[in-house]
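Listed next: structures, encoded as structure tokens.
Paired with subunit B in one complex and with subunit C in the other, subunit A is shared by the two complexes that follow.
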Partner chain A sequence: MQRLETDVLVIGGGSTGTGVARDAAMRGFRTVLVEKRDLTHGTTGRYHGLLHSGGRYVVKDPESAKECIAENRILRRIMPHSIEDTGGLFVITPWDDPAYGDQFRAACAACGVPCEEMPVAAALHLEPRLNPKIQRAFALPDGAADSFLATHANAESARAYGAEIRIYHEVTALLLRDGVVWGARIRDLVRDEEIEVEAAVIVNAAGAWAGRIARLAGCEVNVIPAKGVMVAMNHRLVNTVLNRCKLPADGDILVPIRTVCVIGTTDHKVPDPERYGIEPWEVTLLLEEGEKLVPGLAGARVLRAWAGVRPLYSEQATSDTRDVSRTYALLDHESRDAMRGFVTITGGKWTTYRQMAEVTLDAICRKLGVERPCRTHLEALPEPQEGKYYTLGAPLADIESAHHTAELLCECELVTQDRVERAVDAGAVTLDDVRRDVRLGMGPCQGGFCTYRAAGLLQERRKPDVRETNLALLDFLQERWKGLQAILWGAQLHQARLDELIYLGIMNADHLETGGRKSPLTDFYFQEDSGPPESQRAPAGRDPA
Partner chain B sequence: MTDVELSLDACIKCNICVSYCPPAKVTDLFPGPKYAGPQAQRFRSPRGPSPDASVDYCSGCRVCNLVCPAGVRIAELNAKARARMYRDRGGVPLRNRLLGRSELLGRLAHPVAPLANYLLHNPISRWLADAWLGIDRRAPLPRFSLHTFPGPVRSKWSPASNPRRRVVYFHGCATRYYEPWIGRAAVAVLERNGMEVVIPPQNCCSLPMLSNGEFDAARRYYDGNLRTLAPLAEAGCEIVGTSTSCTLTLKEEAPDLLEADSDAGRLVAASTSDICEYLVRLHEAGALDTAFRPLELSVLYHAPCQLNAHRVGHPAADLMRLIPGLTVIESEHPCCGIAGTYGLKKEKYAIGMAVGQPLFDRVQQSGARLSVCDSETCRWQIVHGTGLPSVHPIEILAWSYGLGEPLAIRKG
Partner chain C sequence: MICDILVIGAGPAGLTAALHAASAGAKTAILAKGIGTTHWAAGWVDILGYWPPGSPQPVRDPRAAVGALASALPGHPYARAGLRALDEALLAFQRAATAEGIPYAGSLDRNLLATTPSGSRRPTCLVPHAMLEGTRVAAGRTLIVGIGGLRDFYGAYIAANLRAQGCEADRAIVEVPAIRARNPQTTATLAAMLEDRPVRDELIRAVIPVARGFDRIGFPAVLGMNRHREVVDEVGKALGSAVFEIPTLPPSVPGIRLFEALRRRLAALGVRVIIGSEVVQRFAEGNRLLGIGSEAAARTQRQTAGAFILATGGILGGGIVAGADGAVREAALGLPVHAPVARGAWFSPQALAHQGHPIFQSGVLVNERMQPVGPRGDVAFRNVYAAGAVLAGADEWREKSHEGVALATGYRAAQAATERTRPAAQADAEASR
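Moving on, here comes the complex of A and B:
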């Protein structure tokens, strides 16, 4: 068995984990990060892409609002390449309480969140598709962020400072001795090997899975997995983040991100972060709410629906997840559970990931009795080599100037063959990993065409047993279809039917030889739905079609 | 959001448009309708500079729209992207401005038509136009006519006459300045069928400007036409035209591309027909004079892309088949390659000719003495590509009514 020794072992390759790994490495600690899938495979890669100004929380959760605006400023400085400065509008629609506006403005001032009221006419000029019936509009510094890029940039920076980032490495056990967590046993899922890592400190940054990891050390951490459903529209209907100016509720944010806009989100407790589905009523609700922000939205083509699971942290069990603060929590299991060498950082939001890493490392420094100040807010992150953040026109302009149209592998997202080759050569394991790197298959046809081309490329570059490539192809298409099941009407139903005909009729892909194996590297396909409580189900007959 | 932009939602990437696109078949410079249309449209932002370059190689023939099973307005997406591209790159080039202004050119040149024709058509001028402006020296440019249509202004319209027997004739620039005999044939055929023909003052329909990316100028011309045509449409007159691109522009291109949704525009659009479409309707209503004299000849009929975009079938062929003795062979090719002013441009001339080649071959192999086509620029291109004369279907009808032989035959 391979053995490793390190100062800090980080469990979890989302924004928090990579942020912690970067901070640790920058402070001179030997650092290893393990992630059981690909970076951002969990919550980070499934969020709506909103860089919070804090406006959403000023009234109900001022602590979180203050964290957001502080980090918003820092992130804009250290990762301009992962953020689009769309700006945000908080608007009072006819469905919202007009009195909330003044309360909102006062709360923004109290939290130090810049908020400028603009005339309704100016807001409509800025966003012509905004509901003309809005009564007030406030401009706040919201933005759109690419969590894939940002996480990669953090990992890249951590590596540059000597950290080791290991994806497809699953923690199977924490190694305990006399009230000390001294290491972890880890399974390399690709090579099917066991590794033992000895670490001075283990950071549990497993997000919605943090409770499970803590349990491996016998600690009880009450992480509430709260499912949030999001729906991407095929159009970038707006160019500014739109928020309803009211207390946070379902379906009150519309985020323009690259070629699409995402209406989000819902908030429902699920029993298991890996077992959840999307219900038709959730999609209906989001579209109905979106329609209040942008009339006509529900008539545009729906691209995909997906869900992420927030790691909400609460010391006590609670019934309504919206009541749980969006602030983060650092749990020192030494003082809390008499378990040394083990901390959990959980809760929070993507926007506050860096601060979470900072407080984690501050605590670790105190524990280890060293004084090494945080520098993550001072130094800019490296620009990711693959899949640079683009403003909307950039990929098209690149293709146009280079005349690369013949080499488009994913036509919807304008991904050229050489970019996919680079992603494969850089170590993407599954086609879904390629997707996260270059956005392959994320457009309207949801992999209906490009999957076959990408699979061919994978085979050509790697020359594995062909059954492995077949499996990669099947896995990827199943994963894509998962996001279509809840939105099968209109244009996306036509698309799915065409994709199905290609899959079954032209490619005969359901008979591809896979040696009877299932991939250990991707999710199980059709998970049982936990569903919301009966009282929250929509009445019958609210079919979005 | 406009219908044109929203229509991209219907694209399921089935690729039919790509396999039917005439320019994409013959050149790599145009990556195809799916790429330039719905695919690229997702990356075009109202903010930020235009990312486009290759969309300029779309000829605007609308074959993609026609074959699209989902109704994506690909050609319109491309026209808008082209206009945006020019706007962002410092304006429409002089060449395109000239080509877009057939009316202005006609107005300036017709009083001195012989001189203008000499200046335009001698090898030195053509070489200069090629080198300086980028109008290919081989391209089929029209000749100005000595007489314009309708000549001395004639309008028999009186408010008292029966609007049901009254039809407004939209002649377009080509008939006015280059081919007045087509206007005369059209009026003769309409009058033969008992119609009172009103010829109001009119502008260029604005299509040349729309396809050359000058939307602001196009809007002025279009609005000018609405001012004269809308009151007539309001009075119950139908509007017919012999230039199939003009009628298409009034019907849908100008309102859609200019996002000009007005009562006047809708009324004019609903009242406008291509002349053959109108005559077929008369025939279906039993009101067409079918006393055609036999014409013992065979003609090759090419339905131009701009007529196909009307989605009314091939009314010219239906009418000509009413003529005893006349054999009508249909070209079954989607585009002659000229696509308005596309094939005149130096960088696109060869593409246009390559697009048209199968049609030229078909014309020559058909054994027909002449070709018939509803669009003026297509006729010029077909003559250029085949050396055979080409006429408007209304000339054939007039001929068969005994209202005069087509000029091209008399000359031939």
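Moving on, here comes the complex of A and C:
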């Protein structure tokens, strides 16, 4: 068995975990991060991509709002390439309480969230598809974020400071002795090997899975997995983040991201972060709510529906997850559970991941009796074009200037062959890992053309046993299918049948040789489809109009 | 436009129906919203590749298997059309394709195993001559040639899968500067480029050094478009070994060649083919369809005919449309549709499930004369017939039956439509003027 020794062991490769790893490495700690799948495989890779201004929380959760605006400003400075500066509008529609507007503006002022009321005509000029019946509009500094890119930048920066990032490494046990968590036993899922890591401090940043990790040390952490469903539309119907100006509810945010826009979300407690389905009524509800912001939205083509599971933290079990604070919690298990060398950082949201890391490392420094100030807010993350926000046209301009058009593997997302090759060479295990790295297969055809191309390239570059490539292709088709069933009708159903023509008709993929191999690294999320719907509940009593 | 028989749809079923209607002497025309599945599919003629569903072994004898299928599934389009229609349609197809310069090899008695772009060997019934050598890869040494810059074909993947099936196969990627420089974005563009002798010669020169010692050389299906035979002959002669084509991702060059060949055939028979016109209205009197209104550039045009053959395709072709509300309808004439009742029953949890996704088998039910019928067997219009993927009850991409269903039902629909004696059809047409 391989043995490692480190100062800080981080569990979880989402935004929080990579943020913690970067902060720890920058403060000079030897750092190891383990993630049981791929970076961003959990909630980070399944969120709508909103960079919060804080406006959403000013009335209900002012603490969260203040954290959001503070971090919003920092993230714009340290990772502009992961952010599109779309700005945000909070609008009062005929379905919303007009009195909320003044309350909202006052609360923004109290929280220090910049908010400017805009004449309705100006808002409609800015966003011509916006419902013309809106009564008021407020402009706030919301934005759109690419959480995949941001997480990879954090990991890259952490590595540059000496951290070791290990994906497909699953924690199987925490090692305890006399009230101290002194290490962890970890399974390398790719090599099928055990590793023992000894660490001065272990940080549980496992998101919706944090309760399970804590339990390995005998600690109870009440993380409520709260499922949020999102739907991606085929077009970028708006260029500004649109919010309903009201207390947070289902389907009240529309985020333009890359070439699409995402309507979200719902919020429902699920028993298990790995077992949940997307139900037709949830999609219907989101489209109906979206229609109130942008009339005609429900008639546009829907690309995909998916869900992320928020790691909401509460010391007491609660039934309505909207009432749980979006702020984060750092749990010191030494003072809380008499278990030394172990902390849990949970709750929060993508926008505040950096602050969560800072607070965690501050606590670790105190524990270890050292004084090493945080610098993650001062130093920009590595990026190709320093200091520039992402813009919609940038990838196209890039390809045009580099004459790379012949090597576009995924036309929908403008993914070039060399980027896929780099992802494959960097050790992507599945084609879904490649997707998270470069956005392969996330556009309108949902992998119809690029799945075959990526599999072909995988075979070219790695020359594995071809049955592994066959499995990679089949797994990716299944992975894409998973997000389609709830939204397949009309044009997207037609597209799905074209994909059947390609893979069943031309490729004979249903008879590809896999040698009885299973998908140990990808079946993780497949199980959620097989179960019966979690409820048949209809959305009732939501619509005051 | 007034004709005896108006075929709606220009996919394999519509083309077949028009061919037989015109051959039988009926004044025939095709009206279509767009081009059908020929431009996507591999260019093979599938009859039945796997039966029963989920069977790991390919069908060896498609004639016998279609017979078994037809008795097991009386609602399947093959059961409606009958084995005889399939037999006759297939022979007529081979005659037409040969006459137009793209002969197809194979027969209804035995499936071939074609080489696919994934390298799996797939049962199909007829292949264009240029793909025949690809059905023989079990013997001898095969080289798969990829072309640098073509992203829709992966020789390494094909060769590796052929080896995993016990074939002796290798691959090479050739760099052809003339192709790189012109940067073809699709296989169709590349196929047209290879009709230029200098480009073709450059490709040949690049392949010669790697081709030695192989019994056959497999290329992506881009060896010429209109002058395909000339390109294949020349490449084969220069390399001194058998040459064959392997399908690619769409667009399908062999499929385009097939479409063009059939269109030439139809033109020779005096069939007018109008593409880019969608049916938006129907004019009926009792249970007789008088005409349809189709969308033209500036206005709706009325087309009348003695009989109509609906060959608009299924979900893929757009003949069947399924809405967010769960309603499934037939797009052109609003005929009754047989479909799963609830949206919850549309799909299987596994993408490539052998049992398929029930929604893709929805379509129009017909009687033995290929006339669309309602749930109680009542004929919707006595002068309307249906063929191809618009029919309910087949999953052509899992069965590998797409062209066979189109040919058999297209042939049978045309036969039934022309069985209405010509004077009667004329009388119908005149009455509707």
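The rule we apply is simple: the second predicted complex is superposed on the first by the 515 of 545 C-alpha atoms of A that agree within 3 Å, B and C clash if a C-alpha of one lies under 4 Å from a C-alpha of the other, contacts with A are read in each partner's own complex, and residues count from 1 in each chain.
Simple rule for what comes next: a residue touches a chain if its C-beta (ideal position, glycine included) is under 8 Å from a C-beta of that chain, and two chains touch if they have at least 3 such contacts.
The model shown is predicted, which means the values in this text are computed figures rather than measured ones.
Visitor: For A:Trp481, is the partner it touches subunit B (first), subunit C (second), both, or none of the two (neither)?
Guide: Once the two structures are laid over each other on A, A:Trp481 reaches subunit C alone.
Visitor: Go through the superposed model and pick first if A:Arg215 touches only subunit B, second if only subunit C, both, or neither.
Guide: In the superposed model, A:Arg215 contacts neither subunit B nor subunit C.
Visitor: Just checking: does A:Leu408 make contact with subunit B only, subunit C only, both, or neither of them? Give me first, second, both or neither.
Guide: A:Leu408 contacts both subunit B and subunit C.
Visitor: Is A:Thr391 contacted by the first partner subunit B, the second partner subunit C, both or neither?
Guide: first
Visitor: Can A:Arg129 be said to touch subunit B (first), subunit C (second), both, or neither?
Guide: In the superposed model, A:Arg129 contacts subunit B only, not subunit C.
Visitor: Who wins on subunit A residues touched, subunit B or subunit C?
Guide: Ranking subunit B and subunit C by residues of subunit A touched puts C first.
Visitor: After the superposition on A, what does A:Leu498 contact: first (subunit B), second (subunit C), both or neither?
Guide: both
Visitor: Touching A:Arg375 in the superposition: subunit B (first), subunit C (second), both, neither?
Guide: So A:Arg375 meets neither subunit B nor subunit C here.
Visitor: Once the shared chain is lined up, is A:Arg191 touching subunit B (first), subunit C (second), both, or neither of them?
Guide: Neither partner.
Visitor: Would you sort A:Arg3 into first (subunit B), second (subunit C), both or neither based on which partner it touches?
Guide: neither
Visitor: Find the residues of subunit A that appear in the contact set with subunit B and again in the contact set with subunit C.
Guide: Common to the two interfaces on subunit A: residues 405-406, 408, 449, 490, 494, 498.
Visitor: How about subunit A: which of its residues touch subunit C in the complex?
Guide: 280, 284, 287, 298, 405-409, 417, 449, 452-453, 455-457, 459-460, 463, 466-467, 469-470, 473-474, 477-478, 480-481, 485, 488-490, 493-494, 497-498, 500-513, 529-530
Visitor: Mind listing the subunit C positions that touch subunit A in their complex?
Guide: 37, 40-42, 50, 56, 58, 116-122, 149, 151-154, 156-157, 160-161, 163-165, 180, 183-185, 247, 249-250, 252, 314-316, 318, 321-324, 326, 343-344, 346-347, 349-352, 354, 359-360, 396-398, 400, 402
Visitor: Please give the residue numbers of subunit A that touch subunit B in the complex, ascending.
Guide: 129, 234-237, 239, 259, 296, 299-301, 391-397, 400-401, 403, 405-406, 408, 411-412, 414, 443-445, 448-449, 490-491, 494-495, 498
Visitor: Looking at the complex, which residues from subunit B come into contact with subunit A?
Guide: 1, 5-6, 8-14, 28, 31-32, 34-35, 39-40, 42-54, 70
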